[in-house]
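Across the two complexes that follow, chain A remains constant while its partner is chain B and subsequently chain C.
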Partner chain A sequence: MPRDIPQPEVDEIQSLIDAQLHLEGPLLPILHALQDAYGIVPVAAVPLIAAALNISRAEVHGVISFYHDFRSLPAGRHVVKICRAEACQAMGGAALADHALARLGVEWHGTTENGAVTLEPVYCLGLCACGPAAMVDGKLLGRVDADRLDRIIGEIEA
Partner chain B sequence: MKIYVPLDSAAKALGADEVAAAIAAEAEARGLEIELIRNGTRGMVWLEPLVEVEDGGERLAYGPLTPAEVPALLDRTLDTLGRVEDMPFFARQTRLTFARCGLTDPLSLADYQAHGGLSGLRRALGMTAEAVVDEVKTSGLRGRGGAGFPTGIKWDTVRMAHASQKYIVCNADEGDSGTFADRMIIEGDPFCLIEGMIIAGLGTGATKGYVYLRSEYPVAIELLRQAIDIARADGVLGSSVLGSGRSFDMEVRVGAGAYVCGEETSLLNSLEGKRGVVRAKPPLPALEGFLGRPTVVNNVISLATVPVIFEKGAQHYADFGLGRSKGTIPVQIAGNVKYGGLFETAFGMPLGELVNDVAGGTASGRPVKAVQIGGPLGAYFATADFDTPFGYEEFDGQGGLIGHAGLVVFDDSADMLHMARFAMEFCAVESCGKCTPCRLGAVRGVETLDRIAAGDTGAVPLLTDLCEVMKDGSLCALGGFTPYPVLSALQRFPEEFGTVKEAAE
Partner chain C sequence: MKDFIIPWDDTRDMGTPEKHGKPVTLIIDGVEVTVPEGTSVMRAAAEIGTQIPKLCATDSLDAFGSCRLCVVEIEGRRGTPASCTTPVHPGMVVHTQSDKVRKIRKGVMELYISDHPLDCLTCAANGDCELQDMAGAVGLRDVRYAAPEGGALANHFEARNTSGEANPEWLPKDDSNPYFSYDPSKCIVCNRCVRACEEVQGTFALTIEGRGFDSRVSPGAAGDDFLSSDCVSCGACVQACPTATLQEKSVIEMGTPDRSVITTCAYCGVGCSFKAEMQGDQLVRMTPWKHGKANRGHSCVKGRFAYGYATHPDRILSPMIRDSIDQPWREVGWEEALSFAATKMRGLQEKYGRRSVGVITSSRCTNEETYLVQKLARAVFLNNNTDTCARVCHSPTGYGLGQTYGTSAGTQDFDSIEASDVVLVIGANPTDGHPVFGSRLKKRLRQGAQLIVIDPRRIDLVKSPHVRAAHHLALRPGTNVAVVTALAHVIVTEGLCDESFIKERCDWDEFQQYAEFVADPRHSPEATEMLTGVPAAELRATARLYAKGGNGAIYYGLGVTEHSQGSTTVMGIANLAMLTGNMGRPGVGVNPLRGQNNVQGSCDMGSFPHELPGYRHVKLPEVRAIFEDAWGVEIDPEPGLRINNMLDAAVEGRFRGLYCQGEDILQSDPDTKHVAAGLAAMECVIVHDLFLNETANYAHVFLPGSSFLEKDGTFTNAERRINRVREVMAPKAGYADWEVTQLLANAMGADWHHTHPSQIMAEIAATTPSFAGVTYDLLDQKGSIQWPCNETHPEGTPMMHVDGFVRGKGRFMITEYVATDEKTGPRFPLLLTTGRILSQYNVGAQTRRTENVIWHDQDVLEIHPHDAEVRGIRDGDWIRLASRSGDTTLKALITDRVSPGVVYTTFHHPETQANVITTDYSDWATNCPEYKVTAVQVSPSNGPSDWQEAYSAQAEKSRRILPAAE
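Now for the complex of A and B:
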């Protein structure tokens, strides 16, 4: 199922940009505000940001593409993040990650065909004393095992 | 009756919100008057959610608590762990930086002051900038973000720089696996960081602060923003700090998921709204930092340790520790351990004591094989290195680093060749791309390790050569230190790379 790409009005984008312009170094706050509002940084925002900050479109694009957080395509309805870093690996995190990839049938950053779940890697959630760690739609989870993950995925997949 | 349920991310990840909701519902159903306080964590993560009940002058701990146990908790029939202060893991610590964390309501300025908060700031307000910086120098405080650079000397450079605007930038990017001290103190005692940043402002002449906080820490972001608003409303922050006529204000900026943005120059670029690529040094950030102006960049723990130094006196702090590693270090015990969490102790405790006694060995019950210290750029230590005392110079002498003081323990099922490969893979994913040894070296490193894994031991010298190039030629410690985990794994566990020990050394 193709995911609809939000097409916000120019005025709306502009007002989100303008609200951050009083800050020193406003670009990251602008990008976060857009992504919070639309789930993506809309392509239409790039020239508006460039004009507002008096930088080139290429520079804006360069910044967006540098950071792992900013998306140009919307995520699925639910986002599962699994920690791949060392402390979680010490507790079986790699096997959990492999299980999630297989269970959802996606690659990292991929979304299931029905558009329900996107799987993202994350390198440490600061839950390293209770790994393996995961985050599902913003909710933090510690000591996750394959069974618990299956149950959670089962709930959100529907 | 007061009931404390931690709001700390780790406690939440283990069900603290569900427990808090169950307590509120059960108390309401019983018509019981309780004060439910969401505190920080006491740092004993294996016991989370660790709930404390304060009643009749006694504060007792229960945990790990499940919602099903809540009725028994309110009946006061549940078995208690006793007072947190008497529990061995806690009683052995020297809590200076984390003295209030988990004890107080993180968003109560009154509670903060009742436990010594703001007394350091009041003292600093009566001192000259030079005296403030001298106090930090005397304390011996060194940067807790990784490099261990003396904090007072960094502040002095900024103090003496002439500029109409200077900045204090707090590095809360905490990307290292196995570390969570920054997150814990921000969630558990945010005013402590705020107070430290204000004192840094007084010492250097900076009036504006930024906390660059990673997006992976939503709880900390929300809490620190609330704490800043409260501090501003109560006149701790703003145009006249505590009525002194001196101004300092600060805000939170959220990162966007790039490990390299923890490197200070990359962080400054990111804060300015640029790609988070590393800047060549010189110029030092202290002279040309945020927007080209003099800037202190300090780790959260460095800054959050400043209030207690001013409250208790620099000498009090410096009297703890070992050699040039003065004071205390919040060791973060993580990975495959029985007792994981935060353990603040004076520098000098041997590594083996931390791993075997304090952490209680592995969670799996299998033998400890390796300990990675200092995050993804830190070396793997073996049990043979366990008598190394926890100190900057002592770890350096073993070809390692303390970094942000995270210990990640692995049991004997760990595959060290795989861990070495992961270090290279991580460097490849996170490289900012500015310098070739890091950008390309890491990719070649993954390939070379795959060759070794396939049985081609002839590739081992190639790997060591590559590591030399990355060490010498990289612009920052991402490429420069990735060889630490790789080479330490190779040297300490040569049989896993198909070579015998002699050949690797």
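Now for the complex of A and C:
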């Protein structure tokens, strides 16, 4: 199922930008506001943000591309992140990751064809004591194994 | 065996920038060294000849500390700090070569090389690669990172793996910029290019996209390449790149240079020093010379890359003659051409009188060449009919600053900007016209200096990344004097004057008269607001900021001078600096930004019809006596004709012959039709140029010129800095321009025998007090000298008027605003103002013959959306631009950079000929043309005007060259 990329009007983007300008260091709040509103940071926003903050388009792009959570393509309805950092790897994280890729039939950062789930790698969720760790729609999960992951995916796909 | 040479000539990279602080002494590898506070350990080590290995550090950029190759051990400190980011401390004991740091460096290098192609032998940077050097310096012999069994090692440099699958990490080369390529596969992500774009150039066109292993250098935003990004092709990134990632295409094609010669750029008045890097007599590349005092190692797209015109096939390398301009050209030898020219000129003088011929000197030729051309008029023609293209740009500067301060030149050096707190830019567009100064200004603005822009157009400086003008006074074209006088009104009436400065340094009586004049309520911002379009409150705030904001510096350009009251505005500006005491120390002053590389020099060299070299009036017998002694002739005491007088006299039949060197008056001077009529009326026009320019369409003799690469000499930049121009290849047509002028003079009976330009400089020094101490030896020794250079200032003068004005007391001049006669009305309701852009230069004769056309292939008309809408004009439409003088057609660019009622274009392309529109109104004092104000109308059009078609037909016919006789 092709996912529509939101294409908001310039005025709408501008008003979201303007609403953050009173803050000190407003770039990240602006990007969050756009990501929250549209599920992506629209390409059209880059020159507008640059003009509003008097920085270059390249600088805006540098920040957006640094953070994986600022998206250029919308995510699926649910986002599953699996920790791939050292502590979780030591507890079977690599196998869990392989299982997730196979179960969903996607590449990293990919979204299932029905648009239900996006799978992403993450490097440390700060749950090293309970590896392998995962995060589903912002909720942290510890000691995840293949069965538990299947169960969760089954629930959110339903 | 290869000699072991420690590469520490003065071009070695010290790693981090120079600091100025109190001395700090430390010990590095057992050697005591004393450096200024704030210096990095890396630089301190470099001072004693120890090059600590490094990749991300270079002395043009602030330390960054990312490559971890420069780690050292410091006694009493934990770990291994990066020497580039660690400042020195008194008594610090540093070890740069302990076993521990050697091992770390080797390990770091091994990681770098694990993701770098090992194609050194066929790489464009072979022999000029810091990565290669550092691999050698750390003794890297092996890379242990191997691909796991059956798998590949992730990397960025292989397009496909062994099974032929595409490598998603691999990015293709970006060849979109015409002068350099970006090859991401060779990038080590040291960030030097990104930092150079930010810190040195100030454009912020580059960034690092992604993070970790995905980090890549990215021009612009997603989907951009170098050409579509904000990149201005200044070359700072290429200069900073330690590998072949950003590489000049000329080096890719030709290989590395084998020798280099320091010379001076032939474009704008900044006068950047460059290294011409050569293979034999072939130019491989031009790189900015880091010890150049005007540019401090920076460059712009023109000087760095746009030198291809020098070898363009359009260059004419053989002299040519013809009896009349409807005939085709006939190629002849030098002797025939010169005797043809000499006979004609002598004949004209015999028939029509001594004053019937003249010369025009060029601001693009050297001081020595210009000196000879005016000497040709004075000592051979025996008249003062000499003028120069400075007539049409900065003649009001010479007059205005001469009247108020006593010297016809800017007061500061470019380094002075580093001490400015408030910068007032009037009628100049430094980021386009004087890009390297523009970058130095922007650097200071990012450090916190405040900016005021007075310009009808919203130039880039008003708002661009990390730069924003505190005030932009978007005045109506032609009202400069009213605005400047209103600023003075506020300063005087609000008590913002620096009275002690005025009392000490200026004529107090004149000040009081002036103060009374400006205090008159009719000069108040409220009274002038209707006229100038500048809101009174904004103008008041501007005056307060300039007067009380700390060191206030004024930089101005042709937007000030090219007006009917150009000289008045220059004097008004001079008044502002005196009123506020902004004179005689670093960070202040009044600084004209000169249009062409040697405008200052051509004025200094006596190109004007009323002045002998050194700005001394030709009427003064004691001045004439100096030159009469030197030249052995009697000098005409009557001032000669200015360019526009020559053309008027030609139309009237009194002026019949012209020798025009390196200047295209038909395209660059106002009211093209009048210029054409004047030239057509002359019987002998000698054009001495690289190309068959527009003026040559009306010429009878064409003498091939030499480019700046083909001759020795000097250029004098906007800071009065005399820079050496050095010959890097033999003149392509056989003679340097100064030799041709000498041959012409001798063909007319003179007996000149200079064998090198240094002898001409000796003659200049012997006759001109401000050049008295200048010799080529001293220039070679010092790199450059700012005049005056004489007994009291044997090493030159970076700053003028330090303890007092040159003329004695500073003189306040009354600056009454008089509206120009060029007025808008129902038929011509819009005001046209003209200017130039970054990639093109003046009439474009040089830059149009380079790849720079990719950025600007035609002149366009900027018009405000309101004005466009009421005329039914859409973006990109052909439009007809008409004034009382003439009309032309070009395409429209709809933009709110111009205010409603104002339109703007450039004059780089002869197909457009913007100057067919401009009028022959000119400055009251100096006849500098009023290019910046023309009443026009704009209407839709469907193609070239009749005039344009007739013009190109004439040009084509006139450029025919007969095939050489077999």
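In the analysis below, the second predicted complex is superposed on the first by the 157 of 158 C-alpha atoms of A that agree within 3 Å, B and C clash if a C-alpha of one lies under 4 Å from a C-alpha of the other, contacts with A are read in each partner's own complex, and residues count from 1 in each chain.
FYI, contacts are C-beta pairs under 8 Å (C-beta built on N, C-alpha and C of every residue); 3 or more make two chains touch, one makes a residue touch a chain.
The model shown is predicted, which means the values in this text are computed figures rather than measured ones.
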Worksheet item: When the two structures are overlaid on chain A, which partner does A:32 contact: first (chain B), second (chain C), both, or neither?
Response: first
- Identify the partner contact of A:46: answer first if only chain B is touched, second if only chain C is, both if each is, neither if none is. second
### Message
Between chain B and chain C, whom does A:72 touch in the aligned arrangement: first, second, both, or neither?
### Response
second
Of the two partners chain B and chain C, more of chain A gets touched by chain B
_Which of chain B and chain C A:116 touches, first, second, both or neither_ = neither
Exercise for the section: Report for A:138: first if it touches chain B alone, second if chain C alone, otherwise both or neither. Expected result: first
*asked:* Between chain B and chain C, whom does A:54 touch in the aligned arrangement: first, second, both, or neither?
replied: second
Residues on chain A touched by both chain B and chain C 62, 66
Listed in rising order, chain A residues that touch chain B in their complex are 24-29, 31-32, 53, 62-63, 66-70, 85-91, 122-131, 133, 138, 140-143
Given the complex, residues on chain A that touch chain C span 43, 46-47, 50, 54-62, 65-66, 72
Chain B residues touching chain A in their complex are 9-10, 12-14, 45-46, 48, 174-180, 183, 215-219, 253-259, 270-277, 290-291, 332-337, 340-341, 363, 372, 376, 406, 408-411, 414, 419, 422, 426, 429-430, 432
Listed in rising order, the residues of chain C that touch chain A in the complex are 203-211, 218-224, 229-230, 463-468
